[in-house]
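A, B, C, D and E label the chains in the order they appear, each numbered from 1.
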């Protein structure tokens, strides 16, 4: 019986440790569960009394901030379409066509993108967008995000596609399909779980980003929520805790909803994983 | 339907030659099995017919058409993949009808035809299911249905049964045998299971390291294996092989090896010419041609009992000789074969195979044609 | 034609009044005026909610490429560096005679024009100017037995003495706030360092415009910081170091933790205005102000007993605007008598034009009358911005206790030499 | 020689085009601009804005100026700080914690597993402004949740952002980024045939032995990928800025914040670009190092 | 070595009962095969012995020890997995020695012992290789070596041969047979391949849906299958089964079905009592007990030729009756069996099996004991 315990000690030990880590991850967010519903919220943790939606009412009167959410959605969806589409096509090509040096390409692009992710590259990006006459347009934000995220998306996806048997497309071709037909009819649906991971990842990245829209956009009607959230700063430039908390919650809901949806529908995980 | 022929086809991957100077022809309506160990180039050969690999040299013909560089979709072929390659996102009906879909058939017609084929293959009631919801045997039949849904010149099979368990494999094999009999299709069938090849083929191409070593009907391959490689590969359990020394006396051949006693063999004149006393040969006897003997007689071999597997209608008795070589006998009986210690196995001169030092068959008199 | 105008102003947010003024008064008025003249003009205000620094970044990028608003809110001290970078053009160059002939110039003092000028050329028009002083919590002084009515320190020592008294009374308080550190940015330089340095009789540059990199004045100033934050903990050291430090100082004052706060009049106009976050209850009773004393009486700049410094923000024109005349027209219209008068309804303030009456606000009247004669301005130099950042670092090094005043000054010297070149610096030691 | 492939070269090129154009315009072009500008003294404001000069390696040399290299607020300090930051928050924090979580999640009850994954992933997917604000509230000296807990536990309160700013951003970044490693390792572990672990169970191995002898060696490829990505991301992470703005006294000024300051406050593009290039080189070195270590271990095993 | 016994063991996964009320005992030195179709609970049973699953009810004993809740590592067992579970990052020596490593043996001792075992299993020369560099058969032996490197009370095998191709499977089977003979180990061996079970086991436990339906020596299972399920599962090809109607007359049993003619059967008295005319029964005949007949006689069955698989020493002839039931005969011959159209198969009354309507065996006279 004592030995029986040793097996379960490991399990119980693991459970306790996992729970502790879970608590560590949850703690910083606890405040967020209460503050939005507390009309007198401050930085301190307090159970709302009374529980109230008044913060949300105020937030919903701020058209600028609401439009920010809409803009975020526009830009994220746009960016995700480009990243998802571009990365799928490109990774598929990298995986399936006889392009020389295709392994090294993804690594090099990844490194390049690491430079471009830094703020130093915001200047040339601004200059390029300006040269294209696209300053203050959604499409500029969308394209820049897409460009920056694509290398990593391709890095993740190519590995995934490499792991999918080629016999799917081969059988389609033997059945009479052209390569493009085979791609759309057969490969694409099979790749979808991988694309979903990339899409969620890209969405989350764009949804939260501040710098790129900030540099590329000018008019307040186009600013995404990450910028619009500053409208909940007071005259003196300090955050208005109540409204900010409420808005943050609204602002967070789409990514959480997306995550829940995806993990319910497809299971959000790196199927087998990406490996060097 | 059409024939398939290879004209000096070679396929290299980088430095490695996977198929070398292949020149076989598969007649119209023939069911040819490519048989050989893993890595011998079977799949590569098949894929060259399908157009999924391009030969490095030579030509591939289907009927009168040179298809060497033709895209798979234009070849009028069907193929069953080892992993079935059923599309996980389509139900069985759509999977089966896919070749019709890419040819632009209407949804209605496609499904009608899919149902027809599915009914023949006894999966008609599963058409709404997804591939993940059916068993391995049903998956196998679905992939077969997909290959049959559309009339093709040639049907290709790449180890289609290897993922099935023993019983399903047997059942599917019978089914394919029946289908071939019914449709008279031209088929090329890759397998490394000799029983499958024996059961299905009209002709077997036995391959070894990229080369076809024998291309003949199954019983021919079984009865007169062209090389020790074929002898060892075809037959289950494989043929027992033993190095022996040749002794010619009185125009008859005597074989010498420790613990072995053979009756003098008459060999063909041609063979006799090539043979000299003292030459080392290989003697082969199939397990089913060995029986328990009391010992000491001619045409016997003796050794220590190594394993004794009683399995219903037959038993496999294996003895191990002093030189660690093993001999297995397959004894058809449903009695318990109880043995211990030293065992002697006997055989008849009629069932002896001989191979020269290069492994090539030496024709014996009793099989002269 | 379309015009855009940008400022760091958001309705119900930062500089809300300014946004309201532009949206409700300036734009309708201007479009109507133009419509009467038969010109259809469409003006939009881009409300910018980010920080000053972020607006500067956007404008710098925009002006370098031809993008951006036609009229932009702008802090005067950035004009030299923008001009040197080719990112601004003189008003006259952009709109020609219309500028020269503008009636408004006659009503704006030379000093006020200079706020938005560089090398004698105006690049924009300031909305107004400001002054700096010590804000005082009268109630707290009273509690400590000090009469707030008559309280006016004559020297640093007297200022410190008061602070010590208050600290003794309430050891948990941080009675005195003199801005320091990097996070507060220019607020450290203007509201803190300058206010002290001027009291030693020095400025950041000498008369010839050379940057002073070593001097007794710098040391005295740094020692004052050290006394306040390190040696005697009279000030809230954390507030100087944390990212949101400035707001902490506001909160400290609101909560009475700090009784003496050196700030600009913006603190009165905006920060503590009724209903704002840092509104001081019963402001008219509990909040008064005093002049910032020199180190010793008469030791201040120009031999003054008291010191202060002014800056100004206003609007500039985009150097690449497609409609320079129209843009100037808008800028001029904003600074017309009527519009500035209208602005008083949104936010009373001393306006740049002498023909706009000073509103009936005792605080504004008193402070402007008392302090404007004492004031001075920052050097009009392209390097000021970079040097100011070094000043902030220097003060932070001292108040955090990391470096001694001497060490901090030595590092400052090296850094400034790196920015402006050794030939443009001078040591007064 | 024509050679069959699933996607012809032309079709492949066509498939690459959309991504290629975007990457070309917004990754490759800016990349070369950055390289080029790093050799000039280009600024946005001031005199060198109009007439930038080619200065060769001067930007690089000035970054590595020995006199001020270790001074706070200088490149050298940031560089060392960042390397420590990457070491503690990415390699030790995210990777090790992610690994630990992934390992333990294999054998805890399903509901606990889901819940834990959920919060860990929440930390990863929530927008950074929101996250920064939450942490701000969490760490607040006077009423922050953390100090409330410290009080409750009878421990001394901490002035976290002021006293341990570096550790705060280390913990913060660990908290923020662990999800990725966890998910990656999780799926890596679950792709190992369970029989490997059962065989070890039967052989008598403890959990630690199973991890050391089987789990870890088998997901080495995933570990390398993970390290390459999180190292790169951590070298570029800007989010701590929202928490500390690089302070106090530059004590949390990691390279991305340093670059931001140089390029966007001081508008010294040349210098900022040079920093960007150096960061890329460091990333390259790290990536090669990981690959080399992984390969060396494999080689040793094979030999 | 020790015996293993199950004491009313049940294992549930949620609502699903995988193993139900299991009560068999595996004697010391016995080699027991668990045989059954996929999902019948074989692996679950094995894993309960290993400690990788905990029973929901009942007790598991190894020798005198109650191990029901004991950790696997304390049970003194060894296990060979279906996929071998060789660690791909360790060479063979390390793989084999791993159980010693976790027990803290020194590197030196471990490797010495690994070499010893490897030599016995004839993989001594491969110890430096990685698992990916050796063949499937060698991998199989390596995993066996790992199980043998450490003395255990019980050896467990979970379909260890199912990943090998036919030939290697045969070879490995012989090898295991030999090993069992040599070591006399207590072994529990899971398989769904009846030939394997027949060849290796001292006793077979045939399982169906979590229940052991027959637990007996192989030949007993083959000769007297307890149920139609066992009859159908054991034997390759499986026993032919046909629904028939019972007719009792003169104390003898006549069977009636379309196209079937049987001689009257004598049944045991007990069976006769239970039978009435008109009752529906199942008739079973093994393929190897069917032969080609000329038709019309007693004890024959006729139908259309469905498939004819000639495979060297034997041929499988399948006929399809009008009611779509198929009958397969296994004919031992190495001549080509050429057939067309209607075929008649004959059998002897001695080789008939009968099952009642519940599928349970009816003892016939010729096998009365």
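Keep in mind that, in the parts below, a residue touches a chain if its C-beta (ideal position, glycine included) is under 8 Å from a C-beta of that chain, and two chains touch if they have at least 3 such contacts.
These are the chains along with the protein names UniProt gives them: A = Carbohydrate ABC transporter permease; B, E = ABC transporter ATP-binding protein; D = Sugar ABC transporter permease.
Fair warning: this is a prediction, and the values are worked out from it, not measured in the lab.
Shared contact partners of chain B and chain D comprise A, E. Touching chain B and chain C at once are the following chains: A, D. In terms of the distance between Cα centroids, chain E is separated most widely from C. Per-chain Cα centroids separate chain C from chain D by 39 Å.
One simple way to say how far apart two chains are is to compare their mean CA positions; for chain A and chain B this gives 54 Å. Distance between chain A and chain D, defined via averaged C-alpha coordinates, is recorded as 16 Å.
Note on chain placement: the centre of chain D and the centre of chain E lie 55 Å apart, centres being C-alpha means. Residue positions of chain C with contacts to 2 or more other chains are 57, 61, 244.
For chain D, residues touching at least two other chains, in rising order: 3, 44, 136, 206, 264.
Contact with two or more other chains is made by residues 123, 127, 170, 173 of chain A.
Chain A makes touch with chain D in their complex at residues 10-11, 14-15, 17-19, 21-22, 24-32, 35, 42-45, 82, 85-87, 89-90, 92-94, 96-99, 107, 109-125, 127-128, 143-144, 146-148, 150-152, 154-155, 159, 166, 169-170, 173, 179-180, 182-183, 200, 204, 207-211, 225-226, 229, 239, 241, 244-245, 248, 251-252, 255-256, 259, 268-276. In the complex of the two chains, the chain B residues touching chain E come out as 38, 165-167, 170, 173-175, 177-178, 181, 192-195, 198-200, 218-219, 222-223, 233-238, 286, 288, 306-313, 316, 318, 326, 328, 330, 332, 334, 336. Residues 53, 57, 60-61, 64, 78, 81-82, 84-87, 181-183, 238, 241-244, 382-383, 385-386, 389, 393, 396-397, 400, 402, 411, 414 of chain C are the ones touching chain D in the complex. Residues 43-47, 49-50, 67-68, 71-73, 136, 141, 159, 161-162, 243-250, 264-267 of chain D touch chain C in their complex.
Taken together, the chain D residues at the contact with chain A in this complex read 3, 5-9, 11-13, 15-16, 18-20, 22-23, 25-31, 33-34, 37, 44, 97, 100-101, 104-105, 107-109, 112-113, 115-116, 119-131, 133-138, 140, 142-146, 148-149, 175, 178, 183-188, 191, 206-207, 219, 221-222, 224-225, 228-229, 232, 235-236, 238, 256, 259-260, 263-264, 269, 272-273, 275-277, 279-280, 283-284, 287, 290-291, 294.
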